[in-house]
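Heads up, there are several structures right after this.
You will see chain A twice below: alongside chain B first, and alongside chain C after that.
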Partner chain A sequence: MASAPSLAASLSPATSSETVTRAELSEIDASTKAPAMFFLCSAILWLLAGTAFAIIASFKLHNPSFLGDSEWLTFGRVRTAHLNAVVYGWSVNASFAVALWLMARLARSVVRHSGLLMLAGALWNIGVTIGLYGILAGDSTSVEWLEMPTYATPMLFVAYALVGAWAVITFRFGKSEHIYVSQWYILAALFWFPWLYSVAQIMIIFAPARGTVQALVNWWFAHNVLGLWFTPIGLAAVYYFIPKVLGKPIHSYYLSVLGFWSLAIFYNWAGVHHLIGGPVPAWVITAGIAASFMMVVPVVVTAINHHLTMIGSFQALKFSPTLRFIVFGAVNYTLASLLGSLMADRGVSEVVHFTHATVGHSHHGLYGFFTMVMFGSIYYILPRILHREWPSAKLISLHFWTTAIGVIVMVVALSVVGTKQGLDMNNANVAFIDIVKGTLDGLRLRSYSGILMTIGHIAFAINFVWMVFTPRAENSAPTLFRNPDPDLEVTAR
Partner chain B sequence: MNRAPLIFLGIFFALAFSWTGIVLTNQLAYGKLEPVYDEGDATSYPQSIPGVAAQGKLVYQDLGCIYCHTQQVRRPGYGGDIDRGWGERQSVARDYIRESRVLLGTMRTGPDLRNVGTRFAGDGGREWHIRHMYDPEITSPGSTMPKFKFLFETRKIVGEPSPKAVQRLLPASAQPPAGYELVLTERGNALIEYLLSLKDTYNYPEEASRVYVEPKKEEKAGAKPEASQPEGHK
Partner chain C sequence: MEWFFYGLAFLVAVAITGSAVYALYWASSKGQLRDLEKGAASIFDEKEPIGTPTDFFPGKTPKGHR
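So, the complex of A and B:
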């Protein structure tokens, strides 16, 4: 809050308790309980399903005879089922829950008619289930990120529009006159996704554009699902929870404005870098590469803002599960984005395009950043809406370390093995089969990291179910990794 | 301080910007590319693929082949695509205009297939695909491609053995019991016909000025495109 302390302070969620009474917050939280719980339960079920598909697909890559005789579980289908389960099942449901809860709190608005909202949620989950069934049964469209068959997608669009409308209504009828930066991100994301999704569905599936225009639409859509839907939701949560947990305002209001608008302008052009070297007009690719490089601006600005907010409070990472997940996610947002800009360079892309390094990068973003931020958010939100604490700090700790180490090992293994794969592929003297054999060790390591993350997800699910079925506790102390004791901390350091 | 409308306008124009630039502009610029009629051949290019191959493309889609195989050849000097014999030239936008679903792909766990129909052609190519689909390790030891045994069926020989029986191509372990024969399913047959149909061999005069030509290219030993007699992917 460099130059306008009063403005920044007035916009910060950390100081909102001065103007918003606890009773009002409690009423708002209570109104989000049913829909948020619905979306969170769905999200966690999809997370487990998506993880199971992931493990099967990952083992098949180095051991193709594993479940090899099943047509339903052939690699091309089970890998697709994994992507769609974790994207449209886990990530979107988690986004809905977190975005709604944040929107209600920040707008000081009670979520009304939550029955209709849950109907929309039910429709969404039925749509995802039908879509996944379609993929496994052999009705996949084979358009990346849009594989669900046409008998599932219109339902998804309607459900999404309803949920989005609810969040906007919640915003519109809120009592708060200030619009915190998290709300900007959420509103933008809610508006952008239906636009992307409908254009992509129409121009690729329902009334296909001619030739490789489809490919441009495809990557305009698919990269923007990350950039204009998951990234804003993840950043909204980071912008809310870091100041909230630390009890201090975000460092700079102006940096957050700059970060938001530079992301809005540059990110949506970046997707074309998936077509570098492909049969599309060279100028679009060049524009995509330029936009990918310009992404350094919002990423660095946001990173500085978050870092300067964190400074002096890093000890809190030892205690707060929410903060630990969120900060891990925020750091990986910076790393994954900067690496992504680098990978868009023509020379780097010549090597890493078409390799496992790209797969590693997408897990870096969608898991290392987004999913970890969602975990952190859920650790904060659930006690507020259920009025009870997480039953086991040990399980939270297990969840954190397995997923954090798991995703780091996965990203490093895939990046290393993918780079080697790409270098070999560009050297025609290396026989193709030798490239395949050269990736096996890295792919095995990736499977092991996947098992580690699976353990984390199971720990998370157990803790969640345990919490839901525990009677409301009289003990209201939050569940922390350890008890903060300032004196002890000084000596321990 | 109600800046919501202003924020919304900004949000709208941000995406409108790339939608106009990436989607609309290109749709207008080359969304109506037409096939080229070659008077010498009395054929228009790109050629449409036969019906059974079009059926096979649907099988290619439903099995998710795209997640390990691209269908795009990068220009000479950028990546090893041409050196590996994956095509004689780079892929151009016009190559794809007859395809209602464009399957460029983004992953090369396996080789590019845009011109697999030139590497494996005719009866020799068909037989190679049959062995490869049944168990990729027969033709390519060490391959991690899944077996597609579910594209084959064992059926009882009624009357004369079918000329389409494929077990003669397969090792002893794959032989059906006496009185039975192994044949491709319709889907398996269509998929192989699709793979045999994949080739961009026509050079469009219209594209000549747009295709990148490497200024000077040294001949690399052993980098010649393979003949139709299959030896395996490079």
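So, the complex of A and C:
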């Protein structure tokens, strides 16, 4: 492209996309550098902050006097700060970085209007910072997943809308003949989130609906953030990186299209299963449970696709850091989703609802699947936008093993202790205090697994900073840009 | 006032659903749902062709990898 197009030209329906030329991948990667780096740096800072809040909250559960005399760090505030820092700080910033890089690559055109993305990034991070401050200062709205006070949230909405507008422009001027499945997921997610967020904010916070309608909107929103925002972004990354790293097309492209459309149809209904046993019309809950079970369709379809693409290529897990994280994430997507459908069953919900098992399940999805996929994606993206290798293979390995083992221990510990807690709570002969004491071992184990994951996050951050500040050596393009060895071919179907 | 928001939320939901139906129709009419094998291969090109792995641990690229 000769000169940068004006925003007015990009928005005008009269502008023809014929003027845009199909770009080389290296050119596209270079054009994503500024916004992608901005989102990634912010994401990693929020990951560290969110981890610190997590450790404090976790220790408080088995050691209540820990930091007990600071009102800024009471459990209710610090646990909420953890959730908001890792969801809106780490996860959304990482999603933006990965989504914009994938969108630009899949559209085969250099990034237009990176200023729009930078503005969105600035607004988003200022919004999250103000929101977190509000939560710690005691201004939380107390609505789960929407705790940020009203003086922070409009900024987040505007930031989000800007990213959405950018994605539509990128799509419009795209030069790829085919719309790859990852693009479907990302574009849809960018439409869905502003819808969820604005409706939830209006109907719960700004003009509250009556009584239980608020609870319905709350869980419609909170569950859909996972299903219609983080899941599509995570799956978009998995659908791109597994075939790309292996050099092998996805097992069945037909199934991937089926998976996308079935997710689009069923997920939106599923959130109501959080209200099983609650004072909402029974048919609404039944519809939610049915939709939760229908989610088995997209999950199984996606699982078949991911895992059959991997079959015969498992040796690649040894040589690719990206693949390790992504495949770990994909396996956990399958497991967490199927367990999630099971937990929506009335009988199972009676036991696990309001126990630590639910907390285990959310970490299974958001960490075991989503966060691991984001880590894997970042390991692939950063060398391509900075034109240099990751400085330390050892730190990557340390990052992988500490986080993988950490999240497995956490999910298993919380699921086991939570199920026992649920069974005991349904048994009138067990005293409540005994149930609480019975959870302590699991909670301690959760804190230890959290320490393990913290070590992983620090290793990741060190590698990241080290990489950013290493000067680029003369004549040493990263290995990944070199021509491949014919002997190393991974068997294509 | 609250009915205004219920109505607005309903209209937005209809619009979102409508856009999904339109997207499916559009994809179908543009032939995006035909020749899926080609679609699966669309992420590869001459520089990063099928059969070539593209990611390695730093400093551990196998010998012969130019």
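As a working rule, the second predicted complex is superposed on the first by the 449 of 493 C-alpha atoms of A that agree within 3 Å, B and C clash if a C-alpha of one lies under 4 Å from a C-alpha of the other, contacts with A are read in each partner's own complex, and residues count from 1 in each chain.
Just so we're on the same page, a residue touches a chain if its C-beta (ideal position, glycine included) is under 8 Å from a C-beta of that chain, and two chains touch if they have at least 3 such contacts.
Given the structure is predicted, the values throughout are model-derived calculations rather than measurements.
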Partners on chain A (chain B, chain C) - clash or fit: clash
Touched partner set for A:Ala287, first chain B, second chain C, both or neither: first
Which of chain B and chain C A:Leu386 touches, first, second, both or neither: neither
First (chain B), second (chain C), both or neither touched by A:Tyr240: second
First, second, both or neither for A:Pro249, with chain B first and chain C second: second
First, second, both or neither for A:Arg210, with chain B first and chain C second: both
First (chain B), second (chain C), both or neither touched by A:Ile55: neither
Which partner reaches more residues of chain A (counting touched residues only), chain B or chain C: B
Which superposed partner A:Leu414 touches (first chain B, second chain C, both, neither): neither
First, second, both or neither for A:Glu71, with chain B first and chain C second: first
First, second, both or neither for A:Thr322, with chain B first and chain C second: second
Touching both chain C and chain B, counted on chain A across the two superposed complexes: 177-179, 188, 191-192, 195, 199, 203, 209-210, 261, 264
Residue numbers on chain A that touch chain B, as the complex places them: 60-62, 64-65, 68-71, 74-77, 79-80, 138-144, 171, 177-179, 184, 187-188, 191-192, 195-196, 199, 203-204, 208-217, 220, 224, 228, 261, 264-265, 268-269, 271-272, 274-275, 277-281, 284, 287-288, 350, 353-356, 358-359, 425-429, 431-433, 436-437, 439-440
Residue ranges of chain B touching chain A (in the complex, touch as defined): 1-4, 7-8, 10-12, 14-15, 17-19, 21-23, 26-27, 29-33, 60-68, 70, 72, 74-75, 78-80, 83-84, 90-97, 99-111, 136, 140-150, 220, 222-223, 232-234
Touching residues (chain side chain C, partner chain A) in the complex: 1-2, 5-6, 8-9, 12-13, 16, 19-20, 23-24, 27, 32-33, 36-45, 47-66
Touching residues (chain side chain A, partner chain C) in the complex: 24-25, 106, 176-181, 188, 191-192, 195, 198-199, 202-203, 207, 209-210, 240, 243-250, 253-254, 256-257, 261, 264, 316, 319-323, 379-380, 389-393, 396-397, 479-480, 482-485, 487-490, 492
